[in-house]
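Read through the structures below before going on.
After this come two complexes, each holding chain A, first together with chain B and then together with chain C.
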Partner chain A sequence: MTQLILFNVTNGLIIGAFYVLMALGLSLILNLSNVINFAHGGFLVIGGYIAYTLEPYLGFWGALVASPFLTAIIGLAIERVMISRVYGRDPLYSLLLTFGLAFIFEDGTRFIWGANGKPFAIPAFLSQPLSNEFFFITGYRLFMVAMVAVMVSLLFLFLRYTRVGIRIRAGTLDLETVSALGVNVRALRSLNFAVGIFLAGLSGVLAGGQLGLEPTMGSGLLMPSFIAIIVGGVGSLPGTLVGGLLIGVASGITAAVFPSASEAIMYVLMAVVLLIRPRGLFGEEGMLT
Partner chain B sequence: MSETHRKLAALAAIWVVLVCAPLWMPLVGGYTALGSRVLVLGLAAMSVNFLLGFTGVLSFGHAAWFGLGAYGCGLILKFIALSTPLGLLAGTLLGGVLGGMLGALIVRRRGVYFAMVTIAFGQVFYYIAFQWSSLTGGDDGLRPFYRQPLHLGFTTVDILQNSTAFYYFVLICFAAAVALMGFLLRSPFGRTMLAIRENERRARFLGIPVEMHIWIAFTLSCFFMAFAGSLYALVNNFADPRGLHYSQSGDFVMMAVMGGMRSFWGPLLGAVVFVVLQDYVSSITVNWQIFIGLTFVVVVLFFPRGLLGFLQARRRG
Partner chain C sequence: MSRNSVSTKLDRRTVIKAAAAAGVAQFASPFVWSARAADTIKVGMIDPFTGVYAAVAQNELIGVKFAVEQINAKGGVLGRKIELLVEDSANDVGTGVQKAQKLIDRDGIQFLIGDVNSGIALAIAQVSNEKKVLHVVSGGHTDGITGKDCHWNVYRVCNTTKMEANSVAELLFNKYGKKWHFITPDYAFGHTLQEAAAADLQKYGGTMTGNELAPLGTNDWSAYLIKARAANPDVLLVLPQGLDMVNCLKQVAQFGIQKQIHVAGLQQELESLEAMPPEARIGTWMFEWYWKQPGVPGVEKFVADIRKRSGGKVPTARTWFGYTSMMTYALVANREKTLDSVKLAKALGNFELPADVKLQPNKCYYRKGDHQLMTSAFVGEAVEVPAGDPEDLFKVDTIVAGDKTSPPESETGCALQWPA
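On to the complex of A and B.
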């Protein structure tokens, strides 16, 4: 029994870690640029497939490092050419634009790499279970959670202690004032977008190692990330972190008791939070409302 | 020609084109069933626009109400009664009532946040339709059921076999819904919606209960949407879980924007262009989604006011 509960809680935490990585990127972009990036799942897929393409040349570790950067560069180009043109306009347009981009990414991936799933090899020592009793805790799963923890810590340190990070947080609160103080808001938004896409690319590589690669893998992670943001509270990155872990664990535990409701529980959680605390767990009243 | 005359002429032209569609559609390579489909999707896009274009509230989860309408109608026809009007009524009520209930929960949210919450809640119904296979048929969709002949007392119209008769049935339903929509928009309530769209804060200062108005507009839009969805179940004799998915919502919003969301008829034009384009592209390539995606990008970046808005701007020079 302990094993079953532990199994599902671990599963939930790992899934939750993915949601967190996705949702933090989405949240960064949403907070500073007021854009819901529907194409975020598409960037995740691109990150995974780039790593798949690079792996024969660079090996797993090389691909793990290079792919998120390349994905971020692609993201930066798309932000400069297209998405930056709808900043400040009705959110309708950024939604439709990124929605169209998501279509292009998904079908483009299918066109380039084929519709069938691809395996993404991970180093042998990582794929071993750590003990017989807890067979579900493989080295890779621990590694993924550790990676997410490190990246999240780095992100929070970056936002807390670097000049750019502080500007990003200030811009989230009041972009006009930040602009009036002489900060190049255009560059700030581009950089912020690139950071968000970097996280998406990294999630793609990590997810590829666990589940293999498929052109549709991104869209399945998108909706839970939305819910993580809403539950945690729009405008709050710690909220997104807690929200992601919360819905991950909740759906993990539900999967043990009542498998067909493991997806629905996230929506129930969201409805309850919105009823009791409409701004979300850590949200501030007045953010983006 | 004065503005009023021009409007009347345009209105007459629209209805002549719609009424004569079974005559001219075969000439341009269409077929009557395509006409019925476009009308229904056009009605759906106009329902989205009722909220988006005239109240300024963006719901990105409206496919849920469309799909609920379809399932409501289909479930009645499959399990309860072989009656087309009853199916339409049940579908409209199912989608509309659930939409109204959700609306009450989220009506205080605005902008991006509202869009996000509507997407997420819309997905709830997608998962229910997808998971509850014993009732809904799950991934395969709800079937078999068939639209039933209409008994009008003095005669019976066979809308199942005769596709022209069915087209006119859909057209009459469409006309009734659109007339009601036009009436609502011309009423003091409709004017208040415009006032909220233009300046919510000022409307609030005037003592208008803004939340109440937005909730009513949202609920009405859900009812129209569910009605369109019920008709769509009749068009296909089938209800598809993907009809509730958020990507379907995106298509509806796109139709409204592509046609021109500040005009009453724009979304219908958008639906025509979108459906024809989708049919054509998917017949020549398997990677048709790329082209649909490109259409989204091009419309947003170059024609944000839609086809009608673009034409009006050209005419004014």
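On to the complex of A and C.
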């Protein structure tokens, strides 16, 4: 039993790492622009399908690089045309807009690529378990964790050391002052949105190798990402990181002892955190009010 | 009015307008496939065209449309053309019931087809029964539809879960071993499927090493697979369907579990196999219908006709379900020369499908006592890399007749109550 739980903790960390990648994109957009992006799962699906379409021409690695950029470009266009129009309004507007977009994306992918799932292939050497005992640690899962680690590090370095990154962080705290200091807030928000969607696109490619590529796949991954943000604390990217890993591990352990509650445990965890510390583990008071 | 002056609060008028729009949308006209004409017979179809079952639902629609085309080309039903009204249940019981009521009350349909989702199928069967409309359940498998919840007006084309279990269980037990471990989707269909297979296992004297109940929509299967492998069974039965099945088998293959434990299941579908990469197409399964049946009359022509209407894709079991559901109505109504639901429902008892509709070697008929179609099970193995046609992803080993897999009528729990 101890071994089983240890296996599941390790496994939970692997799953949690994936939630982190998706939740960080969501969190970036929410923090700077107050947009609760319900279409994030849709962008993830688009990322996966673009990779599937490009794979025959560019191979897995080419698709892995190209697809997130193309998804980010689509995201940027949608942000410019639609989402930017609801900035500064009640968050309900952006919530309703992105909620509608999520449906459009789901039906759009169904229209373009068909309702049936698509087989997205990964390189053979990645789809092997590393050892007979730790059979659930496959090359692909380790690769996913490594990708998440690299992207999270790059994101934190970007936000910490680049001028744009510092402006994004400053904007998260006080956008009006940043604007008054002469920063082009419109461009800053667009760039920030594109970075968030880039992460969604990358999550889509990575998920496509592990899960079936299907128009509805994004919705199942969206809720855990929102929970990761709420548990970690709105406004805090390190919080999102911890939140994602926490719900992954909690879900992994629960699946070992009480499988039916493996999904419910995330919500229980969220409820407990909200009761004890409503701002989330690392959140700042007063966000999203 | 400038954009900046728009209030950030939702006002009462906006809310009322939105509510009214939502209300109108609910009662908007269904999608009418064939042209409306004055004197047509209206047939309603409800299936989940959005959501996780959209792919199989669309294939059922292709089959129904093809049947309507054939029926109308041959003069229709009692000299009247069929007009098909299609509604999306959105994989939601409430929506399905609402659509069924609308099709019957407002559109005046004579015959109803649907739904893929067992829960919706049961619920709309209740509606069609209250309204006395003949109804064929095309793709909902849970036993109750032709078991304890059966109705005089409801027939079913696809198999029951018990029939599916009976078709594969003996083979698995004799060939691959007597210790079985289950991964079961945690809802009505999964439970009945697992119980049926576990009952067969017990009958043969085997043991169950565990049953992992996984919530619908599970993405990560590793926790269940870790437990399953630790239990060291001879056979791992993977019972989830659709996207869940695809995800689970992809992960089974990546973990290499099939190298130690024989992977199998009951129901498998071409839609799922096509969504998997080659390495995940593993295991022993039953198909409810398969497109490659050399020498069986009518199959080749049916495949060619469907290919012309589906962008070159072959028909799946779902396409055949849709086709058979629709053809059943036309055949029985033209034979009986009536549209009266009670008379037609009575006439369908022991009604045998002709060769060009059954499209399988065995006798195929609706059983009188429970209204279940006695259709064959195609038992075989998934194919990793097809040798010829890229859609030939299943190797059929045996075709078992429906009355061999189905429990006797007396054991189904169905007691039909006919109207006075």
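Here are some notes:
Here is the rule we use: the second predicted complex is superposed on the first by the 285 of 289 C-alpha atoms of A that agree within 3 Å, B and C clash if a C-alpha of one lies under 4 Å from a C-alpha of the other, contacts with A are read in each partner's own complex, and residues count from 1 in each chain.
The definition used in the following text is that a residue touches a chain if its C-beta (ideal position, glycine included) is under 8 Å from a C-beta of that chain, and two chains touch if they have at least 3 such contacts.
Treat the numbers as computed from the prediction; the structure is a model and nothing was measured.
Contacts of A:50 after superposition: neither chain B nor chain C is touched.
In the superposition on chain A, A:199 makes contact with neither chain B nor chain C. By the touch criterion defined above, A:247 reaches neither chain B nor chain C. Once the two complexes are laid over each other on the shared chain, residue contacts for A:72 go to neither chain B nor chain C. In the superposed pair of complexes, A:183 makes contact with neither chain B nor chain C. Contact with chain C, but none with chain B, is seen for A:215 once the two complexes are overlaid on the shared chain. Touch criterion met: A:278 reaches chain B, while chain C stays clear of it. After overlaying the two complexes on the shared chain, residue contacts for A:64 are found with neither chain B nor chain C. By the touch criterion stated above, A:138 is placed in contact with chain C alone, chain B being left untouched.
Touched by chain B in one complex and by chain C in the other are residues 85, 89-90, 92-93, 106-107, 110, 260, 263 of chain A. Chain A contributes residues 4, 7-8, 11, 14-15, 85, 89-90, 92-93, 106-107, 110, 114-122, 127-129, 135-136, 138, 140, 210-217, 220-221, 251-252, 255-256, 259-260, 262-263 to its touches with chain C in the complex. Chain A meets chain B in the complex at residues 30, 34-36, 82, 85-86, 89-93, 95-97, 99-104, 106-108, 110-111, 223, 226-227, 229-230, 234, 260, 263-264, 267, 270-271, 274-275, 278, 288-289. Against chain A, the residues of chain C that register as touching in their complex are 3, 6, 8-10, 50-52, 54-55, 57-58, 186, 212-215, 217-220, 222-227, 229-230, 243, 246-247, 250-251, 253-257, 271-272, 274-280. The residues of chain B lying in touch with chain A in their complex are 52, 58, 60, 105-106, 108-113, 115-117, 119-121, 123-124, 127-128, 131, 246-247, 250, 253-254, 257, 287-290, 292-297, 299-301, 304.
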